[in-house]
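Note that chain A is present in both complexes that follow, paired respectively with chain B and with chain C.
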Partner chain A sequence: MIENIDLSMVNWARATFALTAMYHWIFVPLTLGLAFLCAFFETIYVKTRNPEWKHLTKFWMTLFGINFAIGVATGIILEFEFGTNWSNYSWMVGDIFGAPLAIEGIFAFFLEATFFAVMFFGWDRVSTRMHLFSTWMVAVGSNLSALWILVANGWMQNPVGMVFNPDSARFEMENLWAVISSPVAIGHFVHATSSGFLLASLFVVGISSWYLLRGKHKKFALRSITVACVFGLLSSVFVAFSGDEHAFITAKTQPMKLAAMEGMYKGSSGAGLVALGMANPLKQPGDDQDPFIFKIEIPKILSLLATRDFNGFVPGIDDLLYGNAAQGIMGVDAKIERGDQAVAALTAYKEARKANNEAQASAALETFNQHRDYLGYGHLLSVEHAVPPVGLTFYAFRVMVGLGTFFILLFALYLFLLHRGTLERNYPLLILGVLGLFLGYVAQQAGWIVTEVGRQPWAIQDMLPVTVARSNLDTGTVMTTFFLFLALFTVLLIAELKIMARQIGIGPGGE
Partner chain B sequence: MFGSLELSTLQQLWWLIVSVVAALFIFLTFVQGGQTLLLTLPESEDEKSLIVNSLGRKWELTFTTLVLFGGAFFASFPLFYATSFGGAYWVWIAILFTFIIQAVSYEFRTKPGNFLGQKTFERFLFINGSVGILLIGTAVGTFFTGSAFTLNDYNLVQWGHPLRGLEAAFSLFNLSLGMFLVFLARTLGALYLSNNLDEPGLVQRLKNASGNNFVCALPFLLYVLVRLVTMDGYAINPTDGSIFIETNKYLHNLIEMPLTLILLLTGLVLVITGVMLNYFSESVRGIWPAGLGTVLTVLAIFFLAGYNNTAFYPSHLDLNSSITIYNGSSSHYTLTMMSYVALMIPFVLAYIVWVWRQMDSKKLSLIEVVSDKKSY
Partner chain C sequence: MVVGKTLWKIIFIKLFIMFAVLKVFFFPNFLATNFSSDAERAEHVLGNLTESRSPPPSELQ
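This part shows the complex of A and B:
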C-alpha cells in the first residue's frame, strides 16, 4: 500500500502541522472566551444603560478584533493542510472527517463572519438590542466552530461510527451521531472551550491588573476584573473537572497516551500519581532502568483517576507493547502480526479483484475481515514505534495540571480581595495576575502538546499512523513550506503583539 | 428523505451544492477586486480608507465562503480534495498564502504600533486580490484542461510535474480564465463600492472603473468561451466508468444540457446589464444584476465540468485516474447526512441577507469612517 516511507518528510509534515496548530492555538482560546466576556460586558451596558460599560465593552472588543484576525489567518491553513500535507489521510478518512469541517463552515463560521461586522461597525447602524444580539452570536459562533473541529479531533483520537471499505480502501462513516456524541469528542470540546474561557479571564485580569499597578483606569480595571474573575473561577473549576473526566476516558481509549503522560512503563494495581518528578532520559521500553531520576508520588491516586478504583490496574508502556496476559492485554507485537496479515490480505483482495478472480478475492476478504481491526498496526515500523515521546508528554501534562490548579487559587484570591476592597493595594497579587496571563498561554500550549504528542504515532488512533497519512511529497518541499509558514506566522505574531501592546498602552481612554 | 435517493442522485446533488458555494464565492470576490482598485483609484488617503472600510465589512464573508468551499469538497468529494491539494501542492499553498496575508490586513493596516507599515498591508491586499484570484482561476481551469497525476489502486496520488500545480498557469486557457476572474472581480468590486459609498467623486470614478475593467475582462472571456466550445473534453463511459477523450465535449454538454446553456447566457447578459446600468446611467445598483449574473455563469461553468458524464478533475497523464462526481465522492451515508445538514444553507443565506440589509441600509460616508475609532 505504502511502499516507500520517507520518515524525514513525515517528520517535517508533522512539524509543519504542529507549528500551524500551536500558532493557531495562541489566538483561538482567547477568541472563545473574550467573545463571551464582551457579551457579558455589553449585556451589563444594555441592562444599566451606563455609558461607561459601553466604553469598557468597546475597549475589550478592540483587543478581541486584533486577536481574531490572526486567528482566522492561521485557521484557514489548518483546514487545507489536511489536503496538502496529509492527502492520504484526506482520502482514507475524508468520508468521516470532512463532514464536521463542512458543518463547521455552515453552522459556525457564517454566524461569526456575519455578525462580526455588526459587532464592530454596527453601533450606530442597528438598534442596541440588535447589536447585543450580534455580539452574542459572535460568541456562540466561535464556540460552535470549536465544537465541530473538536468533534473532528475527538474522532481522530477515538474513531467510532465507521467501517473500513476494502473496495474503496478507505474508512466510511456508518453513524454520524456516534461521531458527534463520542465521549472523547465531547470531553475535548468542554475541556478546550472552558480552558479558552479561563485564558480570556486571565487576559482581562492581567491587563486590568497592569492598569492598577500603574495607577491608571482604576474604575475600568476593577469592573473588568470583577466580571472576569467570576467567569475565570467558574471556568477554571470546570476545566479541572472536565480534565479529570477527560483523563478517565483517555485511560480507556488511549492507554498508551495515559502511560506516557505518567511516564509509566510497568503497569500496576493501586498505581500512584507522580505529582513531581524528573524522567530518566535514557529509559527505553523493555529495559530495567528506573523511569525516574526522582519522583514524588501520591499513592493509589492514578488508579483512582484512571479506573475510579483505588486498586484498579493501570497498564504501563511495557504492558501495552509486549502484552500482559494476566490483565488480558494484547501487546503491540501481536497486533503488528495481525496488522501485517490484514495488509497482505487487502493487497491480495485488490489483486484478485483486478484479475476478476472472485474466489481468491472472497478468501482474501475473509482473512482481511478477521484482522481488519489491526490494519493500522500493519503499517508500524516496529513495536517501539507505537510509543509517543514520553518525556515531552510527561512534562507538558504536569505543566498543564499545575498551572490549572494555580489559576483556581488565583481567581479565588482575586475575588476575596475584591470583596474586601483591598485588591488595588495588593501589589504582589497584581503582579501575579499579570504573570498569570503569560502562564495561561503556557498552559494552553502544554495542553495541546499532551493531546497531540501523546497520541503519536497515530493520525487516527490504532487505524492510521502518520507515516501512511502523509502526502506524496519530497522532504525539501515540505521543509520549505515549514520555514515559509514559520517566517510568515512569526512576523504576523510580532505585528499582532506590537499592535496589541500599543492598544493596551493607549488604554480605554483611547476609545 | 435523502436516504432513499440513489447514490448517483446524491452525487449530483452535492455537485450542485459545491457549485452554488463556488458561485457565491466568485460573486463575493468583489472584495478582492475592490482591494486591487486601492492602488490606483482613490485620490486621497480618506478615499482609500473609505474603500477599505467598505470592503472590511464584507471580507470575512468571502473568506468564510472559501473555507466552506474547501469543507464542502472535503465532505462530499474527498478524492478531489486529497488529489488536488496533495498533488497540485504549490498552487494551493500560494493561494493560501495570499489569503493569510489578507486576513490580517484590514485589522492591522492603520492600527498604532503596526511596524510593517500601512503600505505593506495594502500590498498584501493587492496580492490577495490579483495573484490569489488569478491562481484560483488557473486551478479551476484544470477542471477542463486536466492535470498531471496518477492514482494507484488505493487512490493515493502521484503528481507528474515538478511544479506541482503551478504548471497550470502555463496553459493559455487556464491563464485566461484566471485573468477573466481577476478583471471580473475588479468589475464587481467597482460596482459594489459605487453602490455602498456616499462620496460622489469617488463613486463616479468607480462607475467608470466598472466599465473599463469589464472591457479588459472581455477578451479573456471570449477566449475562454471559444475554447470551451471547441476543445476536446474528458468524458465518462457510462457503461464501465472508464474515461475517454470526446471531441467538443463541452459543446455537447451545452447542447445536451440546455438549462446550462440558458444559465450561461442569462448570466453573461445579466453581468453586462449590471455593468452598463452603472456605466451609462445614474444608477449605482448594477452590482445586483451583475452579481446574480456571476452566480449563474459560474454555476454553468461548474455544471459543464461535472455533469453529463464528464470528469471534473481529469488527468491527462492517465485518463482513468481522472476524478468524476461518481468515483470521487463520499459514501451514500455521508452524502445523505450532509444533505440534511445542507438544508440549513437557505437559513444561513437568509440571515446573511437580513444582516447585510441592516448594515448597508445607509451608505458609508467619510464622516462616519473618520468619526469611528474602530475604523480600519
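This part shows the complex of A and C:
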C-alpha cells in the first residue's frame, strides 16, 4: 500500500488546513471578544439611558456584524477538508468529535443564531431589556460554540476518555466528561477565548485611537477606549495566567512541544527560560552543537513554569528522543518498539478475524492492548521524526508571549493617561494603539502556530501521525484546492477590509 | 442599510461557492465516495493503520 501513496500530498493537505484555519481565526477571536464589548456598551446604555451610548453600541455592533458576516461558515471548510483530505483521521475520530460538535450545533449555535437576529434587527421591535438580554446571549452563545470546538481540539492534543475499537478502526467515546473536563481542553478554551477578548479590546482601542489622531468623534472614542482598556487589561493579565497554566499542562501532556517551544535539546534541573534568542538552524537532535547562536536566559524560570519548582527537571528534545533513565523518561526509540508491536498485533488481529480464528484474535488483541498507547509510534521511521519544527515553534512562542506582555503595558498606559486626561494629546501612544490592533492578529496566529506546529508529527497525540491521518489522494487535487482557497480567502479578506474601512470612515454618526 | 445589503450578498455568494461549488466539485467525502459500506471503510482505514510507515512531512519531496 505504501507504494501507492503520494507522500507530498500530506504537505499540501497540511498547508491547505493551516491556510483555512488561520483565515478562520482572523474572524473568530474578534467575534468572541467584540460580542462581550457590545454587551458591556449596551449595558451602560440601559443603565444610563444616555442615547450616546446607544449610538456607540450600534456602531461597534455594525463592525461586529461585518466581521461575523464575512467569517461565518469559514469553519465549515475545515469540515470539508476532514472528509476529503483527512479521511482516515475523520473516520477514526468521528465518534469522539460527534458528541461535542452536536452539542455545539444544538445548544450554542442555535442560541447564538436566535439571539443574533434579535440583536441586529430588534432594536425597535423588542423591549430594551429583551434586546440587552439578546446581546448577552450572543456573547455567551458564541463563546460556548468555541468551547465545543476547542474541546475537540484539546482531545487531539491529549486523547482521553476513549478506547480504540480494532474492528471498526475508530476511537470510541468511553467517558464524555473526561473529554470535556480534560485540562488540555479547558486550558485551550480559557486561553483562546480570553485572547479573543484581548484582541477585541485592541480592535476597539485601535479604531478609537485612529479617531483621536484625526481629531474626530472624541467623546465617542474616549468612552470606547475606557471600557475596552479595562476589559483589555483584565483579559491580557488573564491570558498571561492561563498561558502559564497551559504551559504547565503542556509540560505534562506534550513535553516535546514544550521542548520545541524553548529550543531545548538537553534537559536540566533549574532550567532557564530563553527570553530572547536566535536558534541555531544547523542544530540536530543528538549532536553537540549549541542550539543557540545567542540567547538571553532568565535562570530557573522554565523549571518553575513547567514543574512549579525552581529546581524541577525539564526534559529536552534529546531526553525525550533517546530516553533518560535517571529521570525515568522513556525514549522515542523504546516507544517505536512498542508501537511496532501494537501495529503487528493489530495486523495479526485483523488476519485472525478474517480467518475466523477467535483464539488467535483474542491473543492478538491482548498484545495490542498492552501496547496501544504507543500505536502512533509504530508509524514513525526513526526517533528524529517525533520532533516538531523547532525553529518555527520557538519563534512563534516568543512572538506570542512578547506581544502579550506588550499588550498588558499598552492597556495599563492607556488607562493611566486616561485617568490623567492627557491621552488624546499623546500621539505616539495613540499610534502605538493603532499598531496594537494589527499586532493583536499577529499574536493570535502565532499562538495557533505554537499549538499546531508544536504538536507535529501528530494528528492525535501519540496515536496517529499526520502521514497516516491523510486520504489516499494525489497531490495535484489537494494542491488545486490550496490555490483555490488562497484566491477565495484573499478576495473575501479584501472585501471585509474594504467594508470595514468604509464603515469606520463613516464613523459612529453613520448608519 | 447599505452595509446590511452588501453583507447579505456576500453571505449568499459565499455559501453558494462553498456548498454548490467547493463541496460538490472539490471536496467529496473520500470514504463515502470510494466505499459502499462502513465495513469496507473500516477495512480501508485499518489497512492504512497496519501497513503504512512513512517519513514525516518535512522529509517528503
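By definition in this document, the second predicted complex is superposed on the first by the 504 of 511 C-alpha atoms of A that agree within 3 Å, B and C clash if a C-alpha of one lies under 4 Å from a C-alpha of the other, contacts with A are read in each partner's own complex, and residues count from 1 in each chain.
Operating definition for what follows: a residue touches a chain if its C-beta (ideal position, glycine included) is under 8 Å from a C-beta of that chain, and two chains touch if they have at least 3 such contacts.
All of these numbers come straight from a predicted model, not from anything done at the bench.
Bringing the complexes onto one copy of chain A puts chain B in a clash with chain C. Contact with both chain B and chain C is seen for A:Ile77 once the two complexes are overlaid on the shared chain.
Of the two partner chains, chain C is the only one touched by A:Gln456; chain B is not.
Once the two complexes are laid over each other on the shared chain, residue contacts for A:Leu381 go to chain C alone; chain B is not touched. When the shared chain is aligned, chain B comes close enough to touch A:Ala113, but chain C does not. When the two complexes are overlaid on their common chain A, residue A:Ala69 makes contact with chain B and with chain C alike. Of the two partner chains, chain B and chain C are each touched by A:Ser168.
In the superposition on chain A, A:Leu473 contacts both chain B and chain C. More residues of chain A lie in touch with B than with the remaining chain of the pair chain B and chain C. By the touch criterion defined above, A:Ser87 reaches both chain B and chain C. Of the two partner chains placed by superposition, chain B and chain C are both touched by A:Thr481.
Put simply, of the chain B stretches 170-178, 206-214, 278-286 or 368-376, the part that bumps into chain C is 368-376.
Put simply, chain A uses residues 1-2, 62, 65-66, 69-70, 72-73, 76-77, 80, 83-85, 87-88, 90-91, 168-170, 350, 471-473, 481, 484, 488, 492, 495, 499, 502-503, 511 to touch chain B in one complex and chain C in the other. On the chain A side of its complex with chain C, the touching residues are 1-2, 5, 7-8, 10-11, 14, 62, 65-66, 69-70, 72-73, 76-77, 80-81, 83-85, 87-88, 90-92, 166-170, 343, 346-347, 350, 375, 378-381, 385, 389, 456-457, 465-468, 471-473, 480-481, 484, 488, 492, 495, 499, 502-503, 511. Contact residues of chain B toward chain A in the complex are 53, 57-58, 60-61, 63-64, 66-68, 70-76, 78-79, 81-87, 89-90, 92-93, 96-97, 99-101, 103-104, 106-108, 111-116, 153-159, 164, 330-331, 333-334, 337-338, 341-342, 344-345, 348, 351-352, 355-356, 358-359, 361-362, 368, 372-374. The residues of chain C lying in touch with chain A in their complex are 1-4, 6-8, 10-11, 14-15, 17-18, 22-23, 26-32, 38, 41-42, 45-61.
Against chain B, in their complex, chain A makes its touches with residues 1-2, 58, 61-62, 65-66, 68-70, 72-77, 79-80, 82-91, 94-99, 101-107, 109-110, 112-118, 120-126, 130, 134, 165, 168-170, 172-174, 176, 350, 354, 471-473, 477, 481, 484, 488, 491-492, 494-496, 498-503, 506, 510-511.
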